[in-house]
Amino acid sequence: MAPRIAATAAEAVANIHDGATVMIGGFGNAGQPMELIDALMDCGATNLTVVNNNAGQADAGLALLIKERRVKKVICSFPRQSDSWHFDTAYRAGELELELVPQGNLAERIRAAGAGIGGFFTPTGYGTMLAEGKETRVIDGKGYVLETPINADFALIKALRADELGNLVYRKTARNFGPIMATAAKQSIVQVSEIVSTGSLDPENVITPGIFVDTLVTIGGNN
Amino acid sequence: MSTETTTFTTTDAALTRDEMARLVAADIPAGAFVNLGIGQPTNVSNFLTTEQGVTLHTENGMLGMGPVATGEDIDEDLINAGKIPVTELPGASYFHHADSFAMMRGGHLDVCVLGAFQVSGSGDLANWHTGAPGAIPAVGGAMDLAIGAKATWVMMGLFTKTGESKLVQALSYPVTGLGCVSRIYTESAIFELAGGTVTVRSTHGISFEELAGRLPVELVKAA
Amino acid sequence: MSTETTTFTTTDAALTRDEMARLVAADIPAGAFVNLGIGQPTNVSNFLTTEQGVTLHTENGMLGMGPVATGEDIDEDLINAGKIPVTELPGASYFHHADSFAMMRGGHLDVCVLGAFQVSGSGDLANWHTGAPGAIPAVGGAMDLAIGAKATWVMMGLFTKTGESKLVQALSYPVTGLGCVSRIYTESAIFELAGGTVTVRSTHGISFEELAGRLPVELVKAA
Amino acid sequence: MAPRIAATAAEAVANIHDGATVMIGGFGNAGQPMELIDALMDCGATNLTVVNNNAGQADAGLALLIKERRVKKVICSFPRQSDSWHFDTAYRAGELELELVPQGNLAERIRAAGAGIGGFFTPTGYGTMLAEGKETRVIDGKGYVLETPINADFALIKALRADELGNLVYRKTARNFGPIMATAAKQSIVQVSEIVSTGSLDPENVITPGIFVDTLVTIGGNN
């Protein structure tokens, strides 16, 4: 199905419901779908589980969602930063659940969800606090931890450009979590700088095939 | 693979941070694929020569990372794992997070250089969490990097502010990875770790005997 | 998702292969992503309309596959899973084998249409191996396709050359996938399978009662 | 390390040793590195384990290696074809071991090897003959089989174009197994139509980063 083209970020996120699991792409500011996050803030959905590399910074985006206690749980690799004060406060108050996942396991668990893999043995985290309570196994003399897929109801992603079928290309390190989150969510909502006509993207260079994209919205130009 | 001598050497003065970085850089084999962790290891890139032909990986999705970007070259879509704007060298490539950590976890990188809180004589690494009560944990890619590369090298101060050795018999900080470190660069000495044996390659501002007296692990002097 | 009526219908003559393919094509929802197996299912593509906007997946690494290539359009680098030269439609994309089967296994395709040796009333599929002594087994993508798509439909003759039903209580041929088939198109009838119940949607050249007498599974007539 | 540029296919494969595990890319003729296979035939290496989607066709390439009993084991998804007579003969004579793997599991096992994954639970094959003797597990009501990585000593791959650092792009469905095999083999040997200067490939469009490529050889033009 060709993706729905939303006129605004608000329209793009309008069906995100209370209690949803929402993946949010980006690593630092690169690939962060800031307008979609702001729209999620405005749409009022609460009791969210958010999957992101971080847990919000300063007074914008995900940090605001956390400040307003709209997030019940964060699954991420690196919550604590110099400016993660809203996370810090909510977490210390016991008002935010944290599932801390090594970054590569986070990426692989997201991929596994999109790829229909039921679980996988990863060497990352073996013998550490983050493997406590998890199944482990020594394979050919090397220790591994069993990790499970992370699925989501929605993914909010920033790409550079889409065609009308939702095929996506990204820009430099802003690619990061976008392509795998698009595969792991029931609905992928993607903000792009422009939507070009079908046939304008070289099929060899499509990074996310349109099958993984449900909603597109154009936001400004590439900044 | 490495170019260092195994002959024991000593210098009168402790190494400066730049000298440590220069030594690490000189030890990186020509043509190697390398990931430099955040903090001191990042400085190593300043001492790599063009002739070495080293390719830098940044785990947020790039091979062929160039120097830090300044002025007009700053592009928010092009950052390193420390979220600092960087540049792109000819022959670079971009990939998504799952592919990037697969590259790391799959053992395709030759060297990863990391900072540390502690390293044990058997190469266990602690560098992600102080374990202090109330500290908010954040792991990022630390555990993936620790166990992924063909060789993991550590750069750290040898002693804590209160004078305790950070090269220990057994970690007191939470584990990042088990048995993964093969070399440690400190201001006072460079150590090779293999099969539980700690060999001192060089000392700086301290004699081998003095060093042996201060460290809680048995040391072997390089031939 | 599907457009078929649940009203029982019957026609005087058995369906031809083209009629079967036409019916399958008409049942594919507009905008669906579809994989057509080798053999009879391939013929379905000839009856899909442009208005349906169906996107074809071929598991050797492509979305947006066009019709079979002829003459100058033949390109040995562009083939389908049956190794037949095909064409590329605007909006196509290419990807490697792991990504292609992740797309299938991860449940991203709406419909997969396959041939079969046998299907059980509970939707178990046998289509890869006769199990004959001495037969050389070859599975290809059969098992991946059987269990991957949101809906797996089968096209087959309802009876063997010796008149035995290929819709069975329990498979006698080796299993391809368990409980995966939700619909069967045959020359004599179209069946819906759900929760162990086999509903006959239509009969062709045979009455419901005759059919019920010839098949070893309990049949329900569509309302 | 920038890849070695071999002058001929013979030079490219010269270090393939007796008893090696060799992955061979291609699906049908698309992406099949025919000149490298011919060179492997000529180089005399024997007792090989070959990983390929098929097991050779007609009287060329892999089929000849099998005919000459240079292959002790084939790991593939679809050995039996209308023109796989050399495989058929060797297999029936008990002179060739076959590990039959569903195509998507084959791809995922190759990817797992490259990604450092110790094993994974896949739904494909659950309840079938090809899961016999394998560990299975029901996760959230769905059956899975534990599959293990497939590593190789060498991969023979055909790509369209490389730069001097070994970055690769492919052409249409000839991409198939190339990118994942390049990650799973200790040494990847790649035949390309042309080697372009470093910087000529767009970093956004590199499919196989040069880190995975060890040897390049230019063979004719793209045919």
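We call the chains A, B, C and D, going by the order they appear; numbering starts again at 1 in every chain.
Simple rule for what comes next: contacts are C-beta pairs under 8 Å (C-beta built on N, C-alpha and C of every residue); 3 or more make two chains touch, one makes a residue touch a chain.
Computed from a predicted structure; not experimentally measured.
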Residual chain groupings, excluding chain B and keeping positions: one piece
Chain located farthest away, centre of chain C as origin (C-alpha): B
Centre distance in Å when chain A and chain D are each reduced to the mean of their C-alpha atoms: 33
Whole-Å gap between the CA centroids of chain C and chain D: 29
Whole-Å gap separating chain A and chain C, where each centre is the average of the chain's CA atoms: 35
Junction residues of chain C, two or more chains touched: 62, 88, 94-95, 102, 104-105, 148
Per-residue multi-chain contacts in chain D, two or more chains: 108, 111, 115-117, 122-123, 170-172, 203-204
Graph class of chain-chain contacts, one of line, ring, star, complete, other: other
Pairs of chains in contact (touch as defined earlier), listed by label: A-B, A-C, A-D, B-D, C-D
In the complex, chain A residues that touch chain D: 108, 112, 115-123, 137, 139-140, 142, 144, 148, 169-172, 202-205, 207
Touching residues (chain side chain A, partner chain B) in the complex: 27-31, 77-81, 87-88, 91-92, 98, 100-108, 110-111, 122-130, 143, 170-180, 207, 222-223
Of all residues in chain D, those that touch chain B in their complex: 1-2, 111, 113-117, 163-165, 167, 183, 198-199, 201, 203-204, 206, 209-212
Partner chain A, residues of chain C touching it in the complex: 30-33, 53, 55, 57, 62-64, 88, 90-95, 102-109, 148
Chain C residues within the chain D interface of the complex: 58-62, 75-80, 83, 88, 94-98, 100-102, 104-105, 129, 134, 136-144, 147-148, 174-178
